[in-house]
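Next come two complexes built around subunit A: one with subunit B, the other with subunit C.
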Partner chain A sequence: MEMHLQRLIPEFILLAMALAFLVVGFFIPKAASNGSRKTFGIVGILTALVSGASLFLPGTGTALFGMFIQDNVSVFFKGLFLIVLMFVLFTTIKYERELSQWKAEFYALLLFATVGFMFIASSSDFVSFYVALEFVAVTQYVLVAFRKETSDGVESGLKYLITGALSSGFLLYGISFIYGATGATGFTEVAAVVEAGSASNAFLLIGIGLVVIGITFKISALPFHVWAPDVYQGAPTPVAAFLAAGSKAAGFVILMRILFTALGSVKTEWMIFVAVISGATLIFGNLAAMPQKDIKRLIAYGGIGSAGYLLMAVASASSLGAGAVMFYLVVYSLSILAAFVSIVIVYNNEKSYLISAYTGLSQRSPLLAATLFISLLSMAGIPPLGGFIAKFYLIAAAVQSGLLVLAVIGVVMAIVAMYYYLLVIKSMYLRYPVNNEPIHIDGATRVVLYILNISIIFLGMYPGPLTDWVMDIATVLF
Partner chain B sequence: MEQIFFYIFAVIAVVAAVSVVVSRNPVHSALFLIVCLLQVAAIFVLLRAPFLAATQVFVYVGAVMVLFLFTVLVLDIGRETVVEYMHSHAFAAVGAVVALFVVLAYIASRGTITVPQGGFSEEVLAKNVEVVGRALFTKYIFPFEVVSFLLLIALVGAIVLVMNEKGSKS
Partner chain C sequence: MVTLTHYLILSFLLFSIGVAGVLIRRNIIIMLMSMELIFNSVNISLAAFSYYLHSLSGTIIVIFNITIAAAEVAIGLAILVAVYRRRKTVYVDELNKLRY
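Now for the complex of A and B:
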């Protein structure tokens, strides 16, 4: 086996820049104005672009003695993580005023976390997966607790740390059972042992169950969903966007690798289990979202609901399901990012995350209101936006695999989701604002909002190229 | 013979682990944790992994636990607050743990348990440190390096979360 270090070039680029941020941050005078530190964000965005371009250089295959795999799935997810990173960095530039100190470290940690996501997408072994997962977790514990001078910042950091540590325990316990049953840690080796039927069935079942439960922390599904609302509320808003878009995608890529690639031959054993988690998550997330007064909490519960939809496609255990997950994650990430950019701009003006602050937004800033309109409706799944096609594929995958009850729950919950997202839209469009002062949006933000809105609409009107691509990629997993 | 020792170590480890959770004094908890970690090290010896056992004692019992004890003593947490916070959900926690145990035991009792035996070559037993070192720097180089970055981030994170920059209001 060779090292094939060239397959890690995209990660190396980001790591090098993150280390450079740490060093440069040291030399920047503390009294420097906020403006000079925006450079970090812009340099970060450019680095992400370079790293994204280098994704296509190294070709596919394993590296570092089979611990690291670069295939079409990992390239797809790495591209998604880098896109998320770019928009999160942009949001951070807009949000910077709220971060009292340690700005260089904040940007560096965002880059580190993205590298961790990329490692997760590329891990082909339980050992490298667990290490990459902890890498991300430690970065995010710090990012979530960044507003340490406020009590809700500390609360969210602590909650995230405790639930994260507990879920890691479940995950490790599960991995140890799978190792005990198969005697292997590599996904392909595990798959070979399981397929030959020589694995201990009882231990394997316990292992699968515990691993799936451990991963629900990353994707904010039941039973490890409790952190999501408090963390979204207390963490810096860019971090909340990063968790919502990046962490969920990272959780799903590894869940699909473990369940489809390593344990695909025993899918009858875990399909029902995942389906039950999916149904419970769908019902809980969407019903709990209804009474929320805070827009970040609303999106958090909505996010728990979408984890349920995504798990539905995972439970279907088909390549249609895997493709649907990837398509949904793209659309969902774009919608989340559009929503969070708007939330940050509104917060800068109103100093509030309450839904009541959005009253009459359409008269104060038509562009912001339209962005929230499009992104929230896309998350609710209304045609012709991207979210509709995405949900359609997820439900189709469930129906194709005979999970009819789950599909019905999904359709009913889509209607519930429409209700709570429309409440926000109603207060933006049909009410008069308390404060009539228009919200100023600078040129760069306008461009970003236009890009996000147009891509969400484009994916809804003309999903063909992307769906063809993801369905093609999805076959790699089986 | 080996099995007798295993059961001795295992029972002490489990009892100590339960005592960590139920004891009301945080210093006692820390001391029980040391007992538990020592038993785990002993089990590593039984599993023919002396290097792992030694690292377990050095790192966990030696470094981590001493730091932990220092922190507990320096922070001087009042006993009442600890008891109030740590034991307010005792019944629910015990219920959840017992339920999880029952479910796992049920599944395990339903299926056949066949665990593949580890292959101990003479080399692994005779040159344990060398074999572990070679594995870490060849096959497991990727996780190894990721862990080194993880420690760097933990360091940065600890500084960011604990230290106040000069000239800041707080």
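Now for the complex of A and C:
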């Protein structure tokens, strides 16, 4: 129980660069800002690489007097967040024409939010967890409302803020009950009290319920899912990708830490509760996705459905489930990023997010159409893509823990998901485009799209090394 | 004699009023005020637990929470000003442009 600041080196690197962005951005004259945008993005990507490399330095253990824990799970998730950050920064470079009033803050806030995610992944105490979560929330409120001169931007920002603040209230109320029941805030101390059976049961149950409901905001599950479609539609597209991939992963790592590590010994009490949320989320997300006409809203509802699948594995309360969650989050993040890079490129040409803008895309740009084909089918869970193996493990975890009804709902909803993703694919491949003008893609974008596509296919064909690794590190949580 | 239960009931009542305010009221400023009520009701519950459990961590969360709630409401008011400039309204009913 000491400071051990060397274990925070990856966070400090990002934090220092984010602060430097703020300072440097202040001195860049308006005339030069066009040229400097790309530089900021590239420097950000390089910083993320350096920070990722430094993840291997510090070794495992606690820091900040037990508030911060560096174990294999947190290293895994920090790596995932940094990968997401790199691709989101790349998307921002492509998107920046839309940020008419460009400011260095946008890049700085993305870096700050990633630092917050990394602290969430490492928190081992309700206090540090809550502070890290609010740090992320405050940066993301600003990011979502960043296009403040557009009417969609401010509306989505306000909706995100109100749902977010309400969910933080629930979360904190839950934390207060868990603290009242156990008299402790550290996850291991809470676990010890709960295991000894000396915790007040009623307070503990109310606390667990409120904390889980509070975290559903981060993972966009019922009952705090309402922000997702509006925010994805109104926020800058890179931010939507960042929320979809990063926020979901951060929510699940902390949900697993709280439920498995701190409250693992009372799992019979919360399994059914999480299973009910999971079933409701699965049904709602997938059915509501069907009539959508805007591709970002479609992905948002698809994302709500994915949260249902992931909660299914959390409800199974086994290390198979925890490993499945980690594997799914990797595949899901890659698919989301591939889809959003393509969406940005199509938007730059068509100025539209409607699915009708994708009509005949395969004849205008085979690569973009193929990327959307692979990423959407991966999210739908079709072999041989990564998403199939991921869903397979999630459902297997639910079956192993005896949640058969939930597994059946999951399989049925996978078919529904196929329907609405295939509608997009149908209009891309089986329809003729309104204008035949080919879409130009530059070299860097091509490389990024190839990397994402190949990794999604690779994880589907040869998942062995990654699944072995995540199943191995998942045991840390128990 | 004021017991822990009294404080918890007070905190629960304030929390419920706050949640009802966010869900029912349509004026964004009143919604932000209700959020402050939620955060402060939780502070009461945390402080009460902290006092009756003879443990300091609850009080520390309260202090963190006061700071965080202030930061959150600052961002909230900033976004509200942006909304008002753009849409000339402070009622959530009229913010219904984002739909399919």
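Just so it is clear, the second predicted complex is superposed on the first by the 476 of 478 C-alpha atoms of A that agree within 3 Å, B and C clash if a C-alpha of one lies under 4 Å from a C-alpha of the other, contacts with A are read in each partner's own complex, and residues count from 1 in each chain.
Assume a residue touches a chain if its C-beta (ideal position, glycine included) is under 8 Å from a C-beta of that chain, and two chains touch if they have at least 3 such contacts.
Since we're looking at a predicted model, the values are computed, not measured.
Q: Which of the two partners, first being subunit B and second being subunit C, lies in contact with A:V127: first, second, both, or neither?
A: In the superposition, A:V127 contacts both subunit B and subunit C.
Q: Give one of first, second, both or neither to describe whether A:V73 is in contact with subunit B, with subunit C, with both, or with none.
A: In the superposition, A:V73 touches no partner, neither subunit B nor subunit C.
Q: Output check: A:L255 vs subunit B and subunit C. Expected answer is one of first, second, both, neither. What do you get?
A: neither
Q: In the overlaid three-chain picture, which partner chain does A:Y141 touch, first (subunit B) or second (subunit C), both, or neither?
A: So A:Y141 meets both subunit B and subunit C here.
Q: Just to be sure I read the superposition right, which of the two partners does A:I162 touch: subunit B = first, subunit C = second, or both, or neither?
A: A:I162 contacts subunit C only, not subunit B.
Q: Looking at the overlay, what does A:S151 touch: subunit B (first), subunit C (second), both, or neither?
A: The second partner, subunit C, only.
Q: Scan A:L172 for contacts with subunit B and subunit C and give back first, second, both or neither.
A: second
Q: Return first, second, both or neither, reflecting whether A:L85 touches subunit B, subunit C, both chains, or no partner chain.
A: It touches nothing on subunit B or subunit C.
Q: For A:A228, is the partner it touches subunit B (first), subunit C (second), both, or none of the two (neither)?
A: So A:A228 meets neither subunit B nor subunit C here.
Q: In the superposed view, which residues of subunit A touch subunit B and also subunit C?
A: In the superposed arrangement, which is not itself an observed complex, subunit A uses residues 127, 131, 134, 138, 141-142, 145, 148-149, 157, 180, 183 for both subunit B and subunit C.
Q: Sort out for me which residues of subunit A touch subunit C in the complex.
A: So the residues of subunit A touching subunit C come out as 126-127, 130-131, 134, 137-138, 141-142, 145, 148-152, 154-159, 161-162, 165-166, 168-169, 172-173, 175-177, 179-180, 183-185, 229-230, 233-234, 291-294, 297.
Q: Given the complex with subunit B, which residues does subunit A contribute to the contact?
A: Where subunit A meets subunit B, its residues are 15, 22, 30-31, 63-68, 100-102, 105, 108-109, 112, 115, 119, 127-128, 131-132, 134-135, 138-139, 141-142, 145-146, 148-149, 157, 180-183, 198, 200-203, 205-206, 209.
Q: Can you tell me which positions in subunit C touch subunit A when the two form their complex?
A: Per the touch definition, subunit C meets subunit A at residues 15, 18-19, 22, 28, 31, 35, 38-39, 41-42, 45-46, 49, 53, 55, 57-58, 60-61, 64-65, 68, 71-72, 75-76, 79-80, 82-83, 86-87, 92, 95, 97-100.
Q: Contact residues on subunit B for subunit A in the complex?
A: Against subunit A, the touching part of subunit B is residues 104, 107-116, 118, 138-143, 146-147, 149-150, 153-154, 156-157, 160-161, 164-170.
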